[in-house]
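Please go over the structures that come below.
You will see two complexes here that share subunit A, one where it goes with subunit B and one where it goes with subunit C.
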Partner chain A sequence: MGALSDLRTLALFAYWDLLRMRRRTMFVAMRVVWFALQVTLFALALSAMVRFRGYVSQGLDYYHFYLLGVYASILFSISTSNAYEVAEEFEEGIIEYHLSLPVKRRILTLGRAIGGGLAGFIFTLPMFGIVLALIGGATPWAVAASLAAALAFSIGVVGLVLSIVLSVKSGDATDVLFGVLDAMIVRLSTIFYPAVVLSKVAPYYYAAVSNPVSHFVDLLRTFFFFEEYRVLAVSDPAIMASYLLGFVAGLVSAAVYVVERKLEGGGWR
Partner chain B sequence: MKDFIKACFLVAYRDLRRFWKFKHWLAAQLAMNLADVVIFALVLNNMVNRDYIPDYVKFMSTGVLAIATFASAFSIGREVGGEMRREVHHYLLSLPAPRAALAAGRFIGGALRGLVYQLAFIVLNLLVVGVPGPVQALAIAYTSLLFSLSMSALAIAVVSSTRDFNLQSTFRALIYYTLFFFSNVFYPKELISLRFPGPLAAVVTHAPISRAAEVYRWGFGYYQSLDPMALPEVTLWAIILLAVAALLYTRNLSRQ
Partner chain C sequence: MLAVSAAVKIVDFVKKFGDTVAVDGLNLEIYEGEIFGLLGPNGSGKSTTLLTIATVYKPTSGDIYVFGRSVTREGDEVRKYVGIAFQEPKAMWVDTLYELLLWHARVVGYSSAEAKSAVRDAMERLNLWEHRGKQFYQLSGGTRKKLEIAKVLIQRPRLAIFDEPTAQVDVITKHALWDVIRELRQEGSTVIVATNDMFEAERICERLAIMYRGRLGALGTVRELKDRIPGGDVVEIGYEGSREEVERAVSRLPSVGRYVLEDNRLIAYLNRGEEKAAEIVSLLTSAGVKVKRIMVQEPTLDDVFFYFTGARLREENQDVALNRGATPWAR
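Moving on to the complex of A and B:
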């Protein structure tokens, strides 16, 4: 009975987050414009400009490589935008209201992480469809596996967002932190360039191979183009999948810890 | 005339001071612009075709200077949009200053934001690309001034055209992304001409950001020569955008 009631509460929180998607429609519309320009003008120009040298296989199609990168970056960006929503909720007193509800905080956090992750995932589904069309289709297995990875990744990013925003408790700090994080994490990953190219600059390489975004995007690439990207990926597909699951479990657990132990006491700055 | 200049200066000074209110936006913007040079360009330099771009770090440093100036000058649009929504413009209209001075002050205020913000990237270019000669330095200063004035004016005119927040954001984003991507900041114009249809290549070549980036590339010594039409086009863009923006902003201010 307790477990059923917890599940129902979790579903309600996830649903509540999904309902709030409407508030972010304009933000997402702008991201769609950004995405459209990225996959047409920017990606085509970049792929014409790029020439892989000896250490990367000659048959590698940079346009396809980058398309999945753009998708990963937009999913990361839209999931991260939850930070501004949570910051706003703090200012509006919604977080305090949630804390006052007769529900377990663990369930509250899990529900928010799943709901936020689902919202980001749903927002990017049309873009995933466009990428799929541009790379010329894929096997149902590759599509299902990449969608599952995308949903897991989005939930993990929302876990990260909840952990940080609810720890720093400051709108200004949230603005700076997520602006910088967005700029750094995307560029220090394998979204734009394979890990082997990054190895020319050692600190960047180590940052990229420990970056969950790199594991996620390279996992997608191996799902779609196993032979071409297997040797270029940051790691073995099984390790990348494990890393992704560890990232989700770790960050959502961190968010649960913050909400259960650190959230109360001290107001929003 | 003296009163006009004084009013203009006061409005511009107010806008410049309010720029520091957005220090968090500035920090994030700075991180993004710097990351484009010290991470993105540095790594991509190992992958680009040297026939098109001999040194991508230098190419991007000068391009990012144009983007940084554009983004910071354009940022005034967000504030003017907020004023229109909250009807603060009625207060501005009640000030004992001619409307032309108010509009000019706003444009100059936005331009000053662009010029102040670009200083960090001027230093970066001096370190990474090269030191300009006197003629080149003058061309850089002239371009920066006109370019930031025109981008500030464009942002103000666009957001003042509606009081709906969503529409303001959409217009701003559309123009921002279009100018950002349809430029030669990330890729050289030769590549655009080879890869894209003629009209698109022409749009990219003659876009204001492309022209500013071209002057910067020549000014800091990345390019050996400058297209003779680059500086006249920077001037032409400024004249057109300032004239249209002045008309639109003063009309939109008094529209009920």
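Moving on to the complex of A and C:
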């Protein structure tokens, strides 16, 4: 198993997740409806109520801030929904099948993380396109950088999903855990509120600034509106990018550890 | 590295799931190039053993060596040699047969073009080609089972494992699957077949292990296991002559453990009946008894199975009664 062979196998495991995207079309359709409502009704209504007095120089309003927040939120949500797919795969014995294949466990895990991340990323591409259209005038550099960040973020979230689902090995626990995680992580972040606003409630603020979702969404904002949103972001762009990379590397490594050291077939509850 | 003749060497293997002991100190050696049968009642630890050989489970203690590689320390290397057809077919409802097998072929090392050809060959061989576009949920139980066999047929691993391969399949398919198993062996694979079907074990396996409650109950060739049943063969001789002369002749044969005389028939229970029958006939003839017909019946593998597992049931649990009469091997 040389490096080239490993790379080929990794691509095949990523392809496994892409092949099964059609399983999730209903779920994604529901999220698209939610997204449409958010960027039309709610985004417009909220931006009519919220003003960034004293923070932003000119020409920007809460609407643009909110648009990228909604996109980050939906990417997180669709990436975490991979948990239910992995749980179902375990129940159907697919994980046992994968464990029996002539493949290094590390490659298997990396492939599944990348495949799951890619699937989430592709699902949200149309919504990203809508956000771009609504923002207007984005530079190619901003588009390319934000797409790369979105893909990395999605892979990191799937790494988290694999680590947790394959550790708890329970369909019920997966439902509860990811229902709570989805709700808590999005709310304890800067997806809908800037860090400077959250600073009035210390626990909320510290939760948000340590939340990788905050770093991801604020990084997206600085890609598109560097000068305007720099003062609202949780941190410096370089730090946010490093934080995002650390998040991805850490969680994918955790998934590799779980699969290589802990995981075996059977025992699913 | 172990001797090359050992395809699989199981050493003090223990597997626990919580408080449940699935396999309890199993020691076993499977030779390279043989078709090895693993028999045992449900819950005897067959599947657990096979899944541990395939590195899907990890041993609680002990180890298993596949072509000299340890499943606990060299799992990546072990998996290069092993292909397994699971007892329960593994696929998601949305998968189509062709898509799934094509992916499998690529993962086990075929190039894109080779994979298409190998998948088509395997599917045609197992009469799956007409189902290639169907999704998994649309398939019958037997067709789903063939999917698992097709995976191994495509992979052609050095160690092929079949966990109850012919459960739920019709007679024609069963024979086709046996041909596949024999073909793999002829091509150089070592094959392990877990089964509850005694006829299947007898038809295709060269050596057998009978597992019971996670332990090894018996091990040997089919012939050896049959011979191990005391008085397992039945020799029936129809005669004309004095009953006393027959009794006298038979009593001179210590190898005849138990016999019955009824309706001018001698029914003797002994081992190696095919060899002893001639000796009995010779004694009867010299005693002036006219022999009219001879029938030798050896124990079936069912008898072997009941003897090694049923006898233990009686030893360990007096409440469990066998449905085989006074002796488990009597017919």
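Some points to look at:
FYI, the second predicted complex is superposed on the first by the 256 of 269 C-alpha atoms of A that agree within 3 Å, B and C clash if a C-alpha of one lies under 4 Å from a C-alpha of the other, contacts with A are read in each partner's own complex, and residues count from 1 in each chain.
By our rule, a contact is a pair of C-beta atoms (placed from the backbone, for glycine too) under 8 Å apart; a residue touches a chain by one contact, two chains touch by 3 or more.
Just so we're clear, the structure is a prediction, and the values are computed from it rather than from any experiment.
In the superposition on chain A, A:22 makes contact with subunit C only, while subunit B stays out of contact range.
After overlaying the two complexes on the shared chain, residue contacts for A:12 are found with subunit C alone; subunit B is out of touch.
When the shared chain is aligned, subunit C comes close enough to touch A:92, but subunit B does not.
In the superposition on chain A, A:100 makes contact with subunit C only, not with subunit B.
Residue contacts after overlaying the shared chain place A:197 against subunit B, while subunit C stays out of touching range. Contact comparison for subunit A: of subunit B and subunit C, B touches the greater number of residues. By the touch criterion defined above, A:34 reaches subunit B but does not reach subunit C. In the superposition on chain A, A:179 contacts subunit B only, with no contact to subunit C.
Within the complex formed with subunit A, the residues of subunit C that make contact are 17, 51, 54-58, 75-76, 79-84, 86, 88, 90-92, 94-95, 99, 103-104, 106-109, 155, 157.
Across the interface of their complex, subunit B is touched by residues 26, 29-30, 33-34, 37-38, 41-42, 44-46, 48-53, 172, 175-176, 178-180, 182-184, 187-188, 192-193, 197-198, 200-201, 204 of subunit A. Residue ranges on subunit B touching subunit A, taken from their complex, read 24-25, 27-29, 31-32, 35-36, 39-40, 42-44, 46-49, 52-53, 166, 169-170, 173-174, 177-178, 181-182, 186-188, 191-192, 194-196. Subunit A makes touch with subunit C in their complex at residues 1, 9, 12-13, 15-16, 19-20, 22-23, 88-89, 92-94, 96-97, 99-105, 264-267.
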